Amino acid sequence: MPRDLTPSTIENTFVLKALTERIRLDSRSFNQLRDLDISFSSTEYGVVDVKLGRTRVIARISAEITQPYTDRPYDGLFIISTEISPMAAPTFEAGRKSEDELVISRIIEKSIRRSGALDTESLCIISGEKCWAVRADVHFLDHDGGLMDAACIAVSAGLLHFRRPDITIEGVGSRREVIVHPITERVPVPLAVLHVPVCVTFSFFDVRKASSAISGRTRKDEAKDVDEDDVEEEEEEEEDDSSVAVLVDATLQEELLRHGYMSVTANTNREICQIQKGGDMPVDVGVLLSCSEAAIMVAEKVTKLINKRLKEDEARRNVGNLLVEARAENDR
Amino acid sequence: MSSEVILPGDPIPLDSVIGNDLDDSDSGPVIQLGPGILHIPPETLLPIRAGTLTTLTRSKPPKSTTIYVDTSGGRYVPAVQDTILGTVIGRFGDQEKSFYRVSIPGSAAPIGILSSAAFANAASRHTRPNLSNGTTVYARISAFSIALGEPELECFDENTGKEGGFGELKGGMLADVSIGLARRLLAPNGAYGGPSVVDALGKLVPFEIAVGRNGRIWIDSESCKMTVAIITAIQEAEELPREQMEERVQKIIKGARKE
Amino acid sequence: MASRMEIFSPEGLRIDGRRWNEVRHFRCAINTHPVSSDGSAIIEQGNTKVICNVIGPVEPTLRSRVVPDRVSISVKVVVAPFSTIDRRKRSQNDSRIQEMCSSIQHVFEDAVIAHLFPRSQIDVNLYVVAQDGGVLQACINATTLALIDAGVPMYDYVCACTAGMLDREVLLDLNRIEESDMPFLTMATIGSKRKVALLQLEMKVQFDRLEPMMAASMSGCHHIRDLMDNEVRKHGKSRLERGSL
């Protein structure tokens, strides 16, 4: 049954009260991801099915040959399409871009495309004339929170899994021709993936609101002592850390009730690809830093799982070790 | 009681439903039709929903049997006398006569109307409750027809006129269950053969529960941890056979006690 | 692309002659458009210039914008075609501009004391007249001043500032050339504490570099807060003297 999107007072107060006792409704610890399942299509390259708890996202990577943009003749094209249909949740309207959808698509765009996860220069075939256009279509199938996290994992894993057909260029000068070898004839080529970005969303709850039902009251008190010296500021800090509950990978219910969030995209090289902390609920800098560090840890865990699944998939395809022998490049 | 899977258009095995006691009666057995079964006169009974064909034998009137198709999924369609859990989302009317708009999550008619006079002790304007937005109420549907649209709600026991557990709920937590489970939890004891998950839980831990037919339950207990455990137990138990269910429930409650 | 030498010289000077921890020339004025709006402000940070008009709190024009228990803020950003060197008309549906609107909206919905104006709306109109890096920060700062001018109760100043990381050097308050050359973040703080309302980082950066960047931008935010506070007080004083308060 689809969830109703207006949480009641009871849910609000209970969740906050439970969080002060460090309890989550699904009995997870605060920094625990839901069960993550990644599976690849057995027939096609680049089709990934990611299940994060009850959230489900499918990504499909495809490639075709087109003309590069005139101002960037050496770069291939990489497009990520993230359209949320009512299939994910009845609150999403078909054809109309909601604010959530905007945020999700921008975060995925920044996480994967702008961070240079895919080397677009490697997609160039003949400069200024022909290049590969790689397209990632993300389909959101079920929404129980964490759409962007799941989508980011799906696209990352999809790029790693995808193989494009091999090509050769024949002829010289203006009479060059590109010959595409179907994957049934030649072993297809993997994409040049430079790093594997993993997006982690942290949800912030102001647990002090658990005690004061009137929202804003606590902050008014806070505003009173703005002009205080540094010593007292540090005391305030300690209080702050305990007043913010930080949850990893919120469910839809938690997403509806949270006071603020931050999405961090990290990879295993200890790089932060993107941070987006929306304007809601001001949070201490220290909390934001420790979240970023936690994101790296999650990224390592998720990347490990992606690699494990990729290996399993490869083993399944590589019956009789034929793929290794048919490969064009040799191990150096 | 018996049950078997039935699909729309399947023949209903009436013999097995009614049994063999056709012979010694002069009036013949009485069959009451519940939801999911269409009667095409003179004597064709046609299931119009997929689910389990469920029969309940009743003592009154003698030898009467109720048959219906039980499903656990789908959307809740309001029906008069159903109890629901809803959330107040607005208020309209004047001081003399005001009404609350109550959202009924998961319902086909998503918004119900609750008169501020439809509470116990609401005879005088001053004793009427003042509910703010977001308040959860346990209410009974007093009037509804698909054509009229919004269901009308009441928050008192129809027989006694007293509160009877209806009205505003304070504390505790709400959770979603399937509408089938909600119906089973509300069914008279043993209607579904053997104790329900609530009975199993009741032996282990004291708690309060309110079940809305719209697939929502409200639980309150000694602590947050226990409430979370009870909700988990109820949600998980739906998928388990009865023997495993009791075991699982015990394990969950014990786990919550330990820490 | 400019080389590193130009961006940050060995003597520690940046392309426009600033040190690493200096913000650009900051000029602001409030109550600039007293006829057309309830509150207004102009901000110049270096060569970036933003005008902000605030109308409200008023009754929402659209029923769908009514929030029963708090004020809703609607933000519109108009980027002038002449704001950059290449004259180009930007559509209102540009996803970057929409994202900026939504960021600003969320920042201020939590910064103003929203429950004082239930069922009402505040319109924030931002005009980016010239852009030379740090458009988001200028928009946020301008909105703060315009809201103060409009008399909307707020918890504290919301101030924003950018900081970039060039190799191992932190640079504060980037201009357009610097922005295109290094990863940078935009941070908005509430008041003079360590409370961060908004944080956006768009390019890849080593985790270890994050902390110095955040520390620098935070001090930049606090500096800008003082500058804005001065202007507001000055303005208040002058109006008091004119007897128009």
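A, B and C label the chains in the order they appear, each numbered from 1.
What we mean here is this: a contact is a pair of C-beta atoms (placed from the backbone, for glycine too) under 8 Å apart; a residue touches a chain by one contact, two chains touch by 3 or more.
Worth saying up front: this structure is predicted, and the values here are computed from it rather than measured.
Farthest from chain B in terms of Cα centroid separation is C. Among the chain pairings, A-C comes first (most C-beta pairs in contact). Central chain (C-alpha centroid nearest the global protein C-alpha centroid): A. Separation between the centroids of chain B and chain C, computed from CA atoms only, is 53 Å. Centroids built from CA atoms put chain C at 28 Å from chain A. Rounded to a whole number, the gap between the C-alpha centres of chain A and chain B is 40 angstrom. By the touch criterion given at the top, residues 1-4, 6-14, 17-18, 21, 23, 25-27 of chain A touch chain B in their complex.
Those residues of chain C that touch chain B in the shared complex are 68-69. Across the interface of their complex, chain A is touched by residues 95-96, 98-99, 102-111, 113-115, 155-156, 185, 188-208, 210-211, 214-215, 218 of chain C.
Of all residues in chain B, those touching chain A in their complex are 73, 75, 87, 89, 103, 105-106, 132, 134-136, 169-174, 176, 178-179, 215, 218, 223-225, 227-229, 231-232. By the touch criterion stated above, chain A contacts chain C in their complex at residues 99, 102-103, 105-106, 110, 114-116, 214-216, 219-220, 222-223, 226-227, 233, 236-237, 240, 260, 262, 266, 270-286, 288-289, 292-293, 296.
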